[in-house]
C-alpha cells in the first residue's frame, strides 16, 4: 500500500471520477484491514439505497479535490 | 462507461445542475453494478424524504465543483 | 424545466439564499418526478427536526457556491 | 423576511459565527413556516446529541462561507 | 461569550485543530444553552461511535476553514 | 499531544491521505479521552458499513484540506 496514490492528476474527468471512487474506498480498507470482514459487509451497503447515497457523498467530496487538482480539465 | 464524462464545462447553470445529478448517480451505478438490484432499490429512496434530501446533498457538492469548473458562468 | 436556472448571480445575499433553497429542492423534483408523492412526503420532513436540519445542510452547500459566484456580494 | 441578510461581512469572527448560526436556522424557518410546529420540534433536537451535532455541521459550512467572505478577518 | 473568537489565526496546525474542535462545540452551547442538559447528553455521543464520527466531520469542516485562514501554515 | 501536527505538507499524495486519516481519528481521541472506551467502540464502526462510510467522509474532507495545502502535489 506504500505509494498507492502517486498523483492526483488524471487525463480526463472520467478517470478523475474513478480515482475519487478509489479514494473513497481506501479509507474503508485502512480502517477495516480484514478483507473477509469487508466482503461480509459489502451487501450491507451495496444493496441499501441510503448507504449507496452515502458512498456517493464521499465520492463527491473527493471528486471536488481531484477536479481542483486538475484545473477542472479546462479546455484551452 | 469509458469516457462518459468528457468535460465539466456546460453552456448554462441548468445544464451544470443536470450534470451534477448525473455525477451523483454514477457512484451508485459503479458501486452496485447490478441494474436489477438498483431498480429494486429505487422506491427505497424515491419515496423517502430523508433519502431524497441525502441525494440532494450529493448533488449540491457536485454542483459546487461544476460551478467552479465553469467560472460560475459569470456574466461578462 | 428547460432553463430554470439562468444565472447564479443575485442582487443580494438574501436572494442568493433563496436561490440556494431552490437548488436544494430541485434535486427532489428531479429524482421524484411524481408531485403527488412529493406532497405526501412533505410532512415527513417538514415536521421532523432531523430532516429539517438535513435540508439546512444542503442549502448551506448551495449557498457557499452561490456566494462564491457573487464574489460574496463584497462592498466596494 | 425581505432583506434579512443585507451582507455577509462582519466586524469579527465571533459575529461571523453568530451569522452562520442564523443562516443555519433560516432554512428551517423557510421550510417549516408554522412557528408553532417549530416550537414543538425544538426539544427533538435541542435535547438530542446527534441532532445538535448535525446543527453544528450546518453552521460549520456556513461559517466557511462567511469566513471566506471576510477574507478570514486577516490581521493586516 | 461576547468576543470568544478574536481570530482564526493560530501559530501551528495543532492549535488550529484545537480551535476547530472549539468551533464545533460552540454551536452546541449556543443551541442548547442549559449546561445541565448538555452534561446529560455527553455520554450519548462520547460513548457512541457514530456520534464521535459525526463530531469528527464537523471538526474537519472547521479545520478546512482555519487552515485556509492560516495559508495552510505554509513553510516559507 | 502538544505538537502532534507540525505541518500539513507531505511528500506524496499517499502520505497526505494517511495524514487525513490521522486528522479524522484525532477528534475521536480528543472527544473520548478514555482509551478503554475507544477500544470498546471500535467494532461498532469497524464492522459496520455505514460507520465506515462515515469515516470515509471525514477523511475526504481532511484530504481536501491537505491537498490544497500541498498545491495538489502538482507536477512541475
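Letters A, B, C, D, E and F mark the chains in the order given here, with residues in each chain numbered from 1 onward.
Just so it is clear, a contact is a pair of C-beta atoms (placed from the backbone, for glycine too) under 8 Å apart; a residue touches a chain by one contact, two chains touch by 3 or more.
Please read all numbers here as calculations on a predicted model, not as lab measurements.
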Worksheet item: If you fit subunit B onto subunit C using only Cα atoms, how far does it have to rotate, to the nearest 5°?
Response: 60
Discussion item. More than half overlap in residue numbers between the two sides of the subunit E-subunit F interface, or less? Answer same or different.
Written reply: different
Fill in: For subunit D paired with subunit E, centre-to-centre distance based on mean C-alpha positions, whole Å
15
Item to complete: Please work out the Cα centroid separation of subunit A and subunit C, and write it as a whole number of Å.
Response: 26
Discussion item. From the mean C-alpha coordinate of subunit A to that of subunit D, what's the distance rounded to whole Å?
Written reply: 31
Fill in: subunit B residues counted as touching two or more neighbouring chains
45, 48, 50, 54-55, 57, 61, 64, 68
Item to complete: Specify the contact topology among the chains shown, as one of line, ring, star, complete or other.
Response: ring
Practice prompt. Would you mind giving the ring's chain order, read from subunit D onward, with subunit E coming straight after?
Written response: D, E, F, A, B, C
Response to the item:
The residues of subunit F that touch subunit E in their complex are 2-9, 23-28, 30-32, 37, 41-42, 44-45, 48, 50-51, 54-55, 57-58, 61-62, 64-65, 68-69
Worksheet, complete the sentence: Given the complex, residues on subunit B that touch subunit C span 12-14, 17-18, 21, 45-50, 52-57, 59-61, 63-64, 67-68, 72-75
